[in-house]
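Following this line, the structures themselves.
Each of the next two complexes has chain A plus one more chain, namely chain B in the first and chain C in the second.
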Partner chain A sequence: MMFKKSYGFIYLTPMAILVVVLYILIAWNLVASLTLWNGILPTWHFAGLKNYINLFTFNRFWDDLRHNLIWLVVFIVPTTFLGFILADFFSSMKRSEKVFRQIFLFPMALAPVVTGTLWAWVYDPGSGVLNSVIKAFGVNTARLGWIADPRIAIYCMIIAGIWQYVGFAVVVYLGAIRGLPTEMYEAARLDGAGRVRIMFSITFPNVGHGTLISTTMLAIFTMKVFDLVYIMTGGGPGDKTEVLPFLMYQIAYSQRDFGMGTAISIVILVLAAAMVIPYSRWAISKWVQE
Partner chain B sequence: MKVLRSLFLLLLVLAVTAGMAFASGSTESGGSSSSGGTAAPAKQFLIYDYWTAGGEKQAIDALFKMFKDKHPGVEILENQVAGGGGSNMLAVLIGKLQSHNPPDAFQASMGSQLKDYADAGYLDPVDSIWQSTNYANNIDPMWVKMMKFDGHYWTVPLNAHRTNWLWYNKKIFDQLNLKPPTDFNSLLADAKAIKAEMPNVAPISLGVKEKVWSTYIFDMVDLLTGGVDFMQKVDSGVIDYKTDPTFRKAMERYAELLPYFYPYSSTKTWDQAAALLKTGDAAMYWMGDWVLGYFLSIGMKPEVDFSAVALPGNVWEGHADSFPMPKGAPHPQLAKDWLEMLTTVEAQKTFNLIKGSVTILNNVPSNIYPDPYRKLSADTLHSGNAQVTSDGFHGGLMTANFGGDLQNILTQFLSDGNVDNAINQIANAAQRDNLKQNMSWYWAQ
Partner chain C sequence: MSEVTERNQNRWPFVIVIVLAVLWLVPVYAMVVTSLKTQTEVANQQYLAPPAAPQVANFGAAFSPLRRGIINSLIITLPATFLAVLIGSLAAYYLIFFQFRYATLVFFAIVFASFLPYQVVLIPLTQLLNTLRLLDTYAGLIFAYLIVNTPMAALIIATFFMKAPKSFLEAAAIDGCKPFPFYRMILVPMSIPGIVSAAILVFVQIYNEFLLALALTLSPAVQPVMPTLASLRGSQVAQWQIQMAGAIIVSVIPLLVFIFLSRYFISGLMAGYSKE
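Showing the complex of A and B:
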């Protein structure tokens, strides 16, 4: 027993080091956000909350936060819903389930840079796949700008995100559905419930933990989304697809205002924590109960 | 006892991990910081640049070859970081500079962005190189102004890119019997004529997926509205943006051009926007002379498929790429040799012929260039008669911080055309970024 406990500590050591480093960096970031550090000059002039005041009076920050919230709603709900429907569908399959699962999981294996490049090519208003197909049906595509249209650019980008992450929701839900007792389904069928009724009245309420995991993980993704924006639009048209992580990168590295850049990173951290903490509390309480 | 044993094991693992980290760290620093130590590191020349695209990559490779011919035992370790006009490279380089572990050389520009490095204490002056080669007397005074701060020269420029070029699709112009513009009004008239005659052709190409190119149009309308001095004042925050009538007029002119830009500019990079001239989807393009290399690489023929006109013709606007001397460079003699090589006619000819730019040195005849555009650029720059100015963002006439804000405001302006809002936002950004004070060095000289 003693042998096992000792080795338990040893196995935990690398992770403990990582966690300590992580918290040191967060603290370092917090301190930097209170300075007028421009990234190049080694001197840090303490500025109190100036960066935060500048940030909260900066229209671009609020625009970008709004775009993050659009991602949160428009990305998570369809991804989760679609993931659940597909998982339910696949769970009733036999051998072909493996094939379909791989197909839907494949986009997850792609780097977001690849996804972004691929979808930018699909959406290109001039020579993109989408407009070429529409043109083939004789429709005038002159007004179909997709990611170049300020009104719909962010939604077009979110579709690319859904395409990439729906496989994740499928896998989470498949695991959750597999764990459900079959007796419930037999009883429901005996009572005459149809497939759709069973899906929404029996399966969905019983895979709440899957929904929680899926939505939490996807929410964290929306707070960190950067690659798709950087590759597909560079934040444009104007700043219509710009999100907070992109703003952070721009301010810190392109504009060399690391003080404000770190302030944005702290805001992102707080927002992400607000999403993760409820999930963590739930997961820990469930673990303790077990 | 159990606890003690666990604690002991934990400490042991920590000690081993820290030891390994220390060992690897000291090996790395030993490899890069000992200039006169072991033979192997002394033969390595570590350089950072962001020339990764076709043409520019071959250009720097040609310089490496030249350097290696003179230093056969030296191994050049090149770190290329593409994109962002150097900001991506900065993201990588900054850690090395701050930890006093600089490379032997790194690509830089001029003006305010160079001054940032100098002010931070990351550079050693290169006065001796400028003096021994009499560099200041062989180049246009504008370069000196943008590279000499606090009485010292801080970098060695090697090429000159002209940015006030309007490239145009010659076939479209011939077909519509249009004359290349000579001022803003003729530019607008040409754009209107193209739109009227060829509704499916964008009169002016633009790609602002990298937002910086919106500032090039900004410089253009400022130049064509108020001239060189005015453009410099706008970029460096000297005017009162909210009340200056010339600035308002320039922004109104920018707004007048909006219906004539390629409508999906936000999806195009600068080279993709250039390609629209080849496909005939666009007729004109305001871009620096690096686009010439791109046109040639996609099979366009000068004076057949495309041509160019400098606007205004008596102004040479542009910027240089340069290499400073990093303070504490691990191999200072090699770094000095590299910089000295860059000042030579031979190196500048070799590099610029491939890169698509012209030499900084005035004493290189313009007939070395195979195309009429660079010949004209070199003649104008080296004549001593033209008004020579650096451009706003890449030329360091504005701070990086303001430049970033300006790009964002202007790309927004491209989609809404709201002049009042743009002027207010530019004024606010200049104030927030303390532009006037941070650029005061420019006017103090």
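Showing the complex of A and C:
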């Protein structure tokens, strides 16, 4: 059923205004990144790629981009894998399911600031939970710096991220697994396939759209990691846990270099768009089918 | 059904789930018991031991600096959520129930906008609010959150509108139901689960948001609770019991939403992110 009234456009108008403002802001950002800045205000004198050249000759930028790539791989793979395994288990459990599922889902309702506060304490080298538990076993913890150790700090932070977001992958896979026909499993079982075999050679290949959604959404998340870095380390030790979204805030709001700040945000836009555009097209094509 | 019971005979997956569940809960357990300890107990670092006598006073000490932030967060989050859901549902209504040539294009613009990192609009948004003299005001933050959250609200509600039984809706149209009464008296009441899902997802997202809250406010008078918690952390270094009490206090609202409305929370996530 469809209404054809032209005045119906009034229903879309408030949303249209907000979306237009959003896209104007993005365009503004793009143009401003090509101009000279006077403190916090663009002078609107065209400067070509000056802000970008400054950025691309800035070592911290490349370090941070590399840290974003580490997040991309080290965060997404375990989160998706754990999410799939847990969802597979939950989908074959009965009543006990709900309680256990909630244990993995509730961190998603917590603010990243809260997760950061909690895990900063877990990892604190002097008085943290982890070292105090290890000490109880009589191990010398003096060399276990965790979040203060430049070699492993970023991985420690990523574990906090996995802790918070695994529930998302669980939810996505639960939906996907529920949609699978049960005959498939019966046939496999008649052929004598074991549980692990069924999980990886039947369930997993048939929930490809779940894997696509989970990895894409988590990938987009890695392009906005800010709260955990701000709360847990402030980017340190050195710049070992600094990522682009954090660099953008630091450069623009702490160092007041808005010219470079806009350039970083355009880099973030390009990286995020590379993930969001194909995903949006896919999601819409699924929608149009219905 | 036989498949479920058969699979249940396997016990090892259950063991794995329990081990993981314990790993997931240990930090939370440590957080809760520590929030109830004295400074001396905390200094002993027996984090997994229960407190000798629960120190409820820690919560008082953490609550007083956070109180203003919690009030500010609610003043900002409640109207922003209401408006996002209202505007989003009207847009979803138009896109799904009216003939519109560019519906797919508009959908694309909305989906794309829902997933963009906030960093992409942060600097221009700061300048826009500054020009409008809305920086460091409730109205400015509400406006900022509306811009970034309404697309997601529209997306979730549109998913639910599409599922509304078509025959019933057609009958209403044949009976001569006009567009607005149709939206208000039939569509919205029928889609309450979808609207609630969108509302809680947007509510929790705004309440928990940190970057905009930090960048678009300057004074404690309007600052939402997350930046306030971050500064509490800075001022209470090594006072873990106060920090943990503060972290628990600010989590109470989203956790209550999650516990009592988890069905909607999950269906909102599914509709918004995974089109199931």
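The rule is short, and it goes like this: the second predicted complex is superposed on the first by the 265 of 290 C-alpha atoms of A that agree within 3 Å, B and C clash if a C-alpha of one lies under 4 Å from a C-alpha of the other, contacts with A are read in each partner's own complex, and residues count from 1 in each chain.
Keep this in mind: contacts are C-beta pairs under 8 Å (C-beta built on N, C-alpha and C of every residue); 3 or more make two chains touch, one makes a residue touch a chain.
These numbers were taken from a predicted model, which means no experiment stands behind them.
Contacts of A:38 after superposition: chain B is touched, whereas chain C is not reached. When both complexes are overlaid on chain A, the residue A:135 reaches chain C alone and has no touch with chain B. With both complexes placed on chain A, chain A has more residues touched by C than by the other of chain B and chain C. When the two structures are aligned on the shared chain, A:145 is found in touch with chain B, with no touch to chain C. By the touch criterion defined above, A:54 reaches chain B but does not reach chain C.
In the superposition on chain A, A:237 makes contact with chain B only, while chain C stays out of contact range.
Judged by the touch definition given at the top, the superposed model places A:78 against neither chain B nor chain C.
Of the residues of chain A, those at positions 2, 5, 9, 14, 40-41, 120, 253 touch chain B in one of the two structures and chain C in the other. If you check the complex, the residues on chain A that touch chain C are 1-5, 8-9, 11-12, 14-16, 18-19, 21-23, 25-26, 28-29, 32, 40-41, 82, 85-86, 88-90, 92-94, 96, 100, 102-114, 117-122, 127, 129, 132-133, 135, 163, 168, 171-172, 175-176, 179, 182, 185-186, 189, 195, 210, 213, 217, 220, 223-224, 226-227, 230-231, 245, 248-249, 252-253, 258, 261-262, 264-265, 268-269, 272-273, 276-277, 279-281, 283-284, 286-288, 290. Chain B contributes residues 2, 5-6, 9-10, 13-14, 17, 84, 87-88, 90-91, 94, 97-98, 116-117, 119-122, 200, 208-211, 263-267, 276, 281, 400-401, 403-405, 408, 411-416, 425, 432 to its touches with chain A in the complex. Those residues of chain C lying in contact with chain A across their complex are 3-4, 6-8, 10, 13-14, 16-18, 20-21, 24-28, 30-31, 42-43, 45-48, 87-88, 90-91, 93-95, 97-100, 104, 106-113, 115-125, 127-128, 146-148, 150-151, 154, 162, 166, 169-170, 173, 179, 183, 204, 207-211, 214-215, 226, 229-230, 233, 238, 240, 243-244, 246-247, 250-251, 254-255, 257-259, 262, 265-266, 269-270, 273-276. Those residues of chain A that touch chain B in the shared complex are 2, 5-7, 9-10, 13-14, 17, 38-42, 54, 59-60, 120, 123-126, 142, 145, 147-148, 150, 153, 233-240, 250-251, 253-257.
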